[in-house]
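These notes open a run of structures that come right after.
Below are two complexes that have chain A in common, paired first with chain B and then with chain C.
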Partner chain A sequence: MSEAPNSNDVEKALRRRSRAVAVLAVVLMSLQGAVLAATEHVTLNGGRLVDKVQVGAFVFLALALMLNVLTGGRRSRKYPAMNDELVRANRARASKLGYVVTMLALIGVYVAMLLVPLDVYKYIPLLVTFGIVVPALYFSVLERKGEKGG
Partner chain B sequence: MDNQTERLARQRWWLTLTFTLSWLVWQFFSLEPVQAWPYLRGLPVAAIALGAWAVWVVIFFMLFAFMSRVKRERLAHGALDDELTQANRMRCWKVGYFTMLFALAAAVVVAAFKLIDALALTQMLMMVAVSVPLLFFVWLERDTGG
Partner chain C sequence: MAEAALRNRLKEARSELGLTQAELAVRVSVSRKTINTVENGVFVPSTTLALKLAAALGRKVEDLFQLTE
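And now, the complex of A and B:
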């Protein structure tokens, strides 16, 4: 028979998740320079294996972060409190912000492209990063606020 | 829902649907690669895009008029923006956000193979990002459309 989760364990798991999301977001952001260079190499001349691995790692990390924010991670199955109403509301608010900022960035890129020729390969990874990092950080902040408030 | 609220909900549903579809048609037919498609030779592509734009402008102003009318009628405003609608709207934000991210990921692949011109690609991304959540909202609220 499984035991009911200890509230201390849940709190610890919640704290760990919000910290992990924030750290992953910062790592994703810090990878930006290297990923831009690697994407350029891949699209211009096929690139070296290391460039492809770098781009692949970026996509993997972005997906991992997005899935963590979207589903709450594997631990939320063990601790239902990690996916309660407040978390779902926070997730919805983060998604809303993500949609708005990514859309605004996309419109900005579109307008800029009408004025100056922009390299399409450069801005897409930037938009992906922007669209994932901003809501992830916001989600993390909301979770921390919830912890302090609760 | 009383009769008037039902009528307003139906009106909103039709306005949202027409607004989205006309915008999609306008954007699609003004894409450069679409205009150059050999299958569409003989079709008045520019006229279709212009017609869709005209419909979109009319609906745009109708939406504004509708919103100000709903705001004036406080009771209807509350009924139209009930808990279910708010939940549906939240789901639409979420769907829009994830659709946009997946579209961006697909765009990375498209860009790598240089299949489409950059401006057209950006325009297509915007088409997907705007129309998917709106059409999803229309689908969620399909019962009110009748």
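And now, the complex of A and C:
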């Protein structure tokens, strides 16, 4: 009798995590314009406070999303089934895709840098976003698969 | 050499015991979704999980999982 609610709690927590990852990924993407603009103005000793806050928020959000995808978040400590082997397999597939797209993006920037003058540091937020958002969205899609049935 | 496909009789074995996916999931400490994807052949479980499933259903692993050419 007590087993079913536990399973339902896990189901709800899994769905919530999948949604949260997708939402965080979209928020991170939506910050791109502001962060790219802010990056040009922020220096160690100067720059406007608003730019520093935007860059700080971007870094915090990027790290939070990456950690959420890689570790499963705090809730998975309460529910070990949220970190079972299907989740670990989905995480591995998403991480592999993230590695591939990040390397491709870096190679693309490197080639572009050889052909045209490019201030690469300005595009680092874009590369970071690419390397975090793509696997995060893929992980979210994989996690939604298999929810129906049973 | 072509890789052999894995067929499973997990759903039949579970149904015979009158268990839901959620109940079996709790018995082997995974999510219902994991049971669902194994039953549908979307996810191939590890040896550990296959052994846990067999133990939870009172079957041998080879009764639940077979290779097909």
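FYI, the second predicted complex is superposed on the first by the 138 of 150 C-alpha atoms of A that agree within 3 Å, B and C clash if a C-alpha of one lies under 4 Å from a C-alpha of the other, contacts with A are read in each partner's own complex, and residues count from 1 in each chain.
Assume a contact is a pair of C-beta atoms (placed from the backbone, for glycine too) under 8 Å apart; a residue touches a chain by one contact, two chains touch by 3 or more.
In this text, all values refer to a predicted model and were calculated from it rather than measured experimentally.
Asks: Touching A:Y99, do we find chain B (first), chain C (second), both, or neither?
Replies: Once the two structures are laid over each other on A, A:Y99 reaches chain B alone.
Asks: Going by the touch definition up top, name the partner, chain B or chain C, that contacts more of chain A.
Replies: Partner touching more chain A residues in the overlay: B.
Asks: Now for A:E85: first (chain B), second (chain C), both, or neither, which partner does it touch?
Replies: The second partner, chain C, only.
Asks: Enumerate the residues of chain A that count as touching chain B in its complex and touching chain C in the other.
Replies: No residue sits in both footprints.
Asks: Where on chain B does chain A make contact in their complex?
Replies: Where chain B meets chain A, its residues are 90, 93-94, 96-98, 100-101, 104-105, 107-108, 111-112, 114, 118-119, 121-123, 125-126, 129-130, 133.
Asks: Where on chain C does chain A make contact in their complex?
Replies: Interface residues on chain C, with respect to chain A: 20-23, 25-26, 29-37, 39-40, 42-43, 45-46, 48-49.
Asks: What residues on chain A touch chain B, complex-wise?
Replies: Touching chain B: residues 39, 42-43, 59, 66, 70, 91-92, 95-96, 98-99, 102-103, 106-107, 109-110, 113-114, 118-121, 124-125, 127-128, 131-132, 135 of chain A.
Asks: Which part of chain A faces chain C closely enough to touch in the complex?
Replies: Answer in residue numbers: 3-4, 6-8, 10-11, 14, 80-82, 84-87, 89, 143, 145-150.
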